[in-house]
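Here the chain labels run A, B, C, D and E in written order, and each chain numbers its own residues starting at 1.
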Amino acid sequence: MSTNSKIKKSVHYIKKELFGRSIVTFFGIFLIILTISLVFFIASKGMATFIQDKQSPIQFLFSDRWDTVGDSRGGPAVGALVFIFGSVSISMLALMISTPFSIAISIFMTEISPKLGKKLLQPVIEIFVGIPSVVYGWVGLTVLVPFISKFTLMMPFFDGSINTTGKSLLTGALVLSIMIFPTIASVSVDALKALPRDYKEASFALGATRWQTIRRVLVPAALPGILTGVVLGLARAFGEALAVQMVIGNNILFPKSIFDRANTMTSVITMEMGNAVSGTLESNALWSLAFLLLIISFLFIVVIHKIGAKRSFVK
Amino acid sequence: GPSSKEDSISISGSSALLPLADNAAKDYMAKNAGSKISVQAGGSGQGLTQVYQGAVNIGNSDVYAEEKLKPEEAKELKDHVVCAVGIAAVVNTNVKVDNLTSQQLIDIFTGKITNWKDVGGDDMKITIINRPSNSGTRATFKKYALKGADEAEGMALKEDQSGTVKQTVSQTEGSISYLAFSYLDEKTKPLKIDGVVPTSENVANGTYPVWAYEHMYTKGEATGLTKSFIDYILSDEVQNNLVTKLKFIPIKDMKVKR
Amino acid sequence: MRIKPQIADKIATTIFIIIAGILVLLLVLFAGYLIYQGRSKLNLNFLTSEPKSIEAGGGIGPPLFNSIYMVVLSMMMSLPIGLSAGIYMAEYARPTKMTRMIRFCIEALASLPSIVIGLFGFLVFVQMTGWSFNLLSGALAVSVLNLPVITRISEDAIRNVPLSVKEASLALGATHWQTIVKVLIPCAIPGLVTGLIITSGRVFGEAAALIFTSGVSGYPLDFTNFNPLDSSSPLNPFRPAETLAVFIWKVNSEGTAPDARMVADGAAAVLIICVFAFNILSRIFGGLLNKRFAGKTNI
Amino acid sequence: MEKKLKLYTKDLNLFYGSTQALKNVTVDIEKNKVTALIGPSGCGKSTFLKTLNRMNDLVNNVKITGKVYLDGLNVYDQLDVVDLRKKVGMVFQKPNPFPMSIYENIAYGPKIHGIKSKSRLDEIVEKSLIGSALWDEVKDRLKQSALGLSGGQQQRLCIARVLAVEPEVVLMDEPTSALDPLSTLKIEDLIDELKESYTIVIVTHNMQQAGRISDNTAFFLHGQIVEYDETEKIFSMPSDKRTEDYITGRFG
Amino acid sequence: MEKKLKLYTKDLNLFYGSTQALKNVTVDIEKNKVTALIGPSGCGKSTFLKTLNRMNDLVNNVKITGKVYLDGLNVYDQLDVVDLRKKVGMVFQKPNPFPMSIYENIAYGPKIHGIKSKSRLDEIVEKSLIGSALWDEVKDRLKQSALGLSGGQQQRLCIARVLAVEPEVVLMDEPTSALDPLSTLKIEDLIDELKESYTIVIVTHNMQQAGRISDNTAFFLHGQIVEYDETEKIFSMPSDKRTEDYITGRFG
């Protein structure tokens, strides 16, 4: 009797369940395989700098001498600090410009005018997301670069040493800030929307104004979500390649001010990878940079999870 | 791989040689229906790497393969010298200077001179625009114009390809860079070096020292479409017309050798 | 002195409205500028003719076609996989270590810089396969880029189907898989379609992942040749091909044509128009499908 | 008179993670009778109902001990879950039609159970809609979306959808709580008719409703059965003080 | 005996878009009394309650005609909404503490109304918590998150939060419906105490509760007041058939 029903069950099961279930399960697991192989391949290329070329990882991270062929000043060296510093400073700068703006937009969309938010700003944000990075780069190059160049030329208090090409850290950060604002804004919108209506009602019922409610209840309550958006924005800024490469001047030296030329990890990869002969120190070092980018973007995810864990702890 | 497709080949490498390779390919395809040739730049380093790796059929380069690849790799490549190209120092059109001595040029690129007034121009900051270290144009310029002196890396704006260099120089006040003759037009101003005008004639007769051979490398002997295309470029038809029209110097005109 | 809360509220509200206004204005200026700059190139000839690298008057026919073809190819690969993985995550994944691992992978893949994925594609789909630069390798790389996005969209769309509908099906004795295929996916279609159109838009504009995979140039195509095995056929996935976005980047970096600036302006205008088109399309489709599922029209 | 048992549970315990939602629940459910489950919010009524057709399987982290028998077969290991749910249909608190046409809603069950013939399906659809007293109202718009129906009509549609797979038991979880008084009355009348051919278990928070329509009533508190008896007895002279308190509204 | 009116409405009509949720509602609310609002789901009880402190302003597309007076002043044009809400506090169905500490929850109201002194705030917090009968349970954990409290405690916290801004009227929308019987009793007792200093309007779906705690009861149906009278009278001899039907559970 029991066996009888077991047989019946398996017929149902195989025909109407097991087959489909196996396929989707396989593709779920496939994502793990894909990620692991991606990490493996990038890592194996990226590690060659240290294993094969015997460069020191410490030097790679903390030295600013990047000369893959070597010249009168010494043998080849691949210190990536200038690029790392460039990536960090340009992303931070972009974040500083973008975050207040994005949060304001998300507050407008959820609290000030949800109707306009949905009908007008939502599409606007989606379009900003959809604009390809080369187009951002192109507009940066044709509008922002000449503008900043004029600006630096006009400023009397800048001494002659200022970079007046218009290609600068600031230009890159401005372009990036437009590119990452949709990310921060839409995650913040989600975070604010996910708040129970209760908070708002409770605050209003106590005689709070809208601004008081936003500032003292809603934004603090949504803060973990907003931070997640900020980290995602940072990740996007860090990984952006072409738009940045087109406008920052690609100078292998620490920028002395935001008007100085700079270089980033993605930018140097974009510029030099095509030229680098595979297997040489230069090529390997570029792969190491790619590997570093990969590690950093994984770190961002871990940070986001930490933020998320904190949030669930509160609740 | 690309070699499996008999009727289509791809070429990449030197941006200096791009105008010639590209135009010749167009003409060739127009004459030989069914043949497909794709040409892209990317720099000499990329051309050499990719042809060695079998990613493309022809790798264009401004420098000898031996200068970039390991000896055992370079050995596998076959060199086809198709022409020579001169490389000129160029400046933004608002720079009043027309001529620089070799030493001045070196001083500028190594960062010793940073203002045009020190070489007889207006009081204007010099902005150097450089190419990536694996560019053949840069290697040639460094070797023959700068006498091997190391550029002051940090001071330069760096541009990926010759096209960008041209554009940036034309847009940036007080800027200086270098371009293959094939990129010269009214947007930038070429400089005389030690009084010698950068022209094809001066390259051919040996008075202008900054030039390089243009190489088309193949992995092993060229065959099929690859071979006929290289033959086509070496033919009088191309050498006498397209090559000179694009400001390259036909091999047979070169009175000096390297 | 304490500002009256009501007044502080008015000030804050005004600031928010101004910032929102700035945003809208920014988009209008941005798009307006691009379209204005590219206006002289917005004609059929530009859209259909071959690019030229030395002389003026080139068009963007093949790049435009390549972009569209790239979307189709990559969607053909990433959609079935992403949808399956999304179904798995929404419906079958138990809260186990492995599920957490998959979720981490999805997030990690989604946050990877596209240049890193481009390099991975270069290594695996170009170098290791020995295929040289080609459309298919580009499509594969873009699929890697898309996969986490499509998975998430599918998962969300399926999760957003009300539990009550799923319960109804199961309570009638449908198996889980039957419920997924016959109820959940049909109900999730509005969300799926909107998401997929947006994703397609992303592929359309992607460049960094393609520079090292599908290449930055192609050769002239014969648009009357429909044999996908023939190298001059636009349908051949094994040819090197530059998409529209890559084309802009290339024109900027190695553009040697005298009208390079105008060509890039034109191409950028076309791209931005496409972005708007994708967005409007997704809205129209999403609206229609939603209406249908909300019972406003006959089924 | 001997009772004919259709379903019974024995020492049923259910845990959501570490919180216990059902404690030693032992209930006999008579054939062709209406059994009502009452109790304050969160006491485990819905949870219990769902153990009867194993809808709790959907929830993660559920642990069940004890037994549920349908016609003498253990629901958790002697019956395939698909067969079980065919035999034990369920109507939910909020009407939940599929976003499909009225026809497709009803034909869905038969279709997934393998019926393909169009004429056979037509027949089933008509019969089920007649059975749920909805036929006259919708017979001219079978192809229209079910979401266009009113709440009360949707709930009857959901009943028809259950009837279409010819179940033996129908579970109802507060089927009228989202409906207006008129629709409520219609559904109550329908339940009265249905009990001739089906065994019905109904959860309700409305004591008067339980009194009107059920034959037996079980009173739940904190996951336990406090009292289970004939409805009349429960409402007229409950033997437990808590039942009395609940019925007279001291809490809940 | 003359009645002392605290609040009254006149011919109040409220529309959500085009659907009318309140129809000509005219109610007098006595000072220091508990007024209960009863009626089936969707009849407009919550909507009515919210017109009294203008919480409906938050909803889009609401149109209100008619008048609401608080102490003789028209709430919709003679009083500032912030002042109104300070005077007319509200407790919601589901306890809704802010995700902050217990202390911060209570200090929130006074703070936004301009009180900054720490000692003054401490005082208010203590007084409010004592007033809501929660002080003893939480005095040692004021800095801990309010979300860690039990449902009943949270609800009393919400009451304390309202008391902290020293309102004159307290509106309560089914304040015990999400709570267990014990917490319910505590809150009912609290309401009984509070009415000495406050005017209370409470929505409840539990008729027995209305009977136990209120002085006056209004019965709503379809947005209209069917009957409004002393609670005793409503429950013992309603003058309208519909009221009777509802109270005896014929529907709802």
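Quick note on the criterion: a residue touches a chain if its C-beta (ideal position, glycine included) is under 8 Å from a C-beta of that chain, and two chains touch if they have at least 3 such contacts.
Note that the coordinates shown come from a computational prediction; the quantities given were computed from them, not determined experimentally.
**Student:** Show me the overlap between the contact partners of chain C and those of chain E.
**Tutor:** A, D
**Student:** How short can a path of touching chains from chain B to chain C be, counted in steps?
**Tutor:** 1
**Student:** Measuring between Cα centroids, which chain is at the maximum distance from chain A?
**Tutor:** If we average the C-alpha coordinates per chain, D ends up farthest from chain A.
**Student:** If I average the CA coordinates per chain, which chain comes out farthest from chain C?
**Tutor:** Result for the farthest chain: E.
**Student:** Go ahead and note the Å separation of the Cα centroids belonging to chain C and chain D.
**Tutor:** That pair's centroid distance is 47 Å.
**Student:** Where the centres are mean C-alpha positions, what is the separation of chain A from chain D, in Å?
**Tutor:** Computed from C-alpha means, the inter-chain centre distance equals 52 Å.
**Student:** Based only on mean CA positions, could you tell me how far chain B sits from chain D in angstrom?
**Tutor:** Comparing mean C-alpha positions, chain D is 83 Å from chain B.
**Student:** Which positions in chain B are in touch with at least two other chains?
**Tutor:** In chain B, residues 42, 53, 159-160 touch at least two other chains, as defined above.
**Student:** What are the residues of chain E that contact at least two other chains?
**Tutor:** Within chain E, residues 82, 112 contact more than one other chain.
**Student:** On chain C, where are the residues touching two or more other chains?
**Tutor:** Touching at least two other chains: 5-6, 127, 175, 178, 252, 261.
**Student:** Sort out for me which residues of chain E touch chain C in the complex.
**Tutor:** Those residues of chain E that touch chain C are 80, 82, 112, 114.
**Student:** So in the complex, which bits of chain A are touching chain C?
**Tutor:** Against chain C, chain A makes touches at 12-13, 16-17, 19-21, 23-32, 34-35, 37-38, 41-42, 45, 101, 104-105, 107-109, 112-113, 116, 120-121, 123-124, 126-135, 137-139, 141-143, 178, 208-212, 214-215, 232, 235-236, 238-242, 246, 266, 269-270, 273-274, 278, 287, 290, 293-294, 297-298, 300-301, 304-305.
**Student:** Show me the residue ranges of chain C that touch chain E in the complex, using the header's touch definition.
**Tutor:** 2, 5-6
**Student:** Quick check on the complex: what are the chain B residues that touch chain C?
**Tutor:** Touching chain C from chain B are residues 1-2, 5, 7-8, 10, 15, 18-19, 22-23, 25-26, 29, 34, 36-42, 53-56, 159-164, 166-167, 183, 185, 246.
**Student:** Hey, which residues of chain C end up touching chain A in the complex?
**Tutor:** 5-6, 8-9, 11-13, 15-17, 19-20, 23-24, 26-27, 30-31, 33-34, 37, 80-81, 84-85, 87-89, 91-93, 98, 101-102, 104-109, 111-117, 119-120, 123-124, 127, 144, 147-148, 151, 175-178, 180-181, 198, 201-202, 204-208, 211-212, 245-246, 248-249, 252, 261, 264-265, 268, 271-272, 275-276, 278-279, 283
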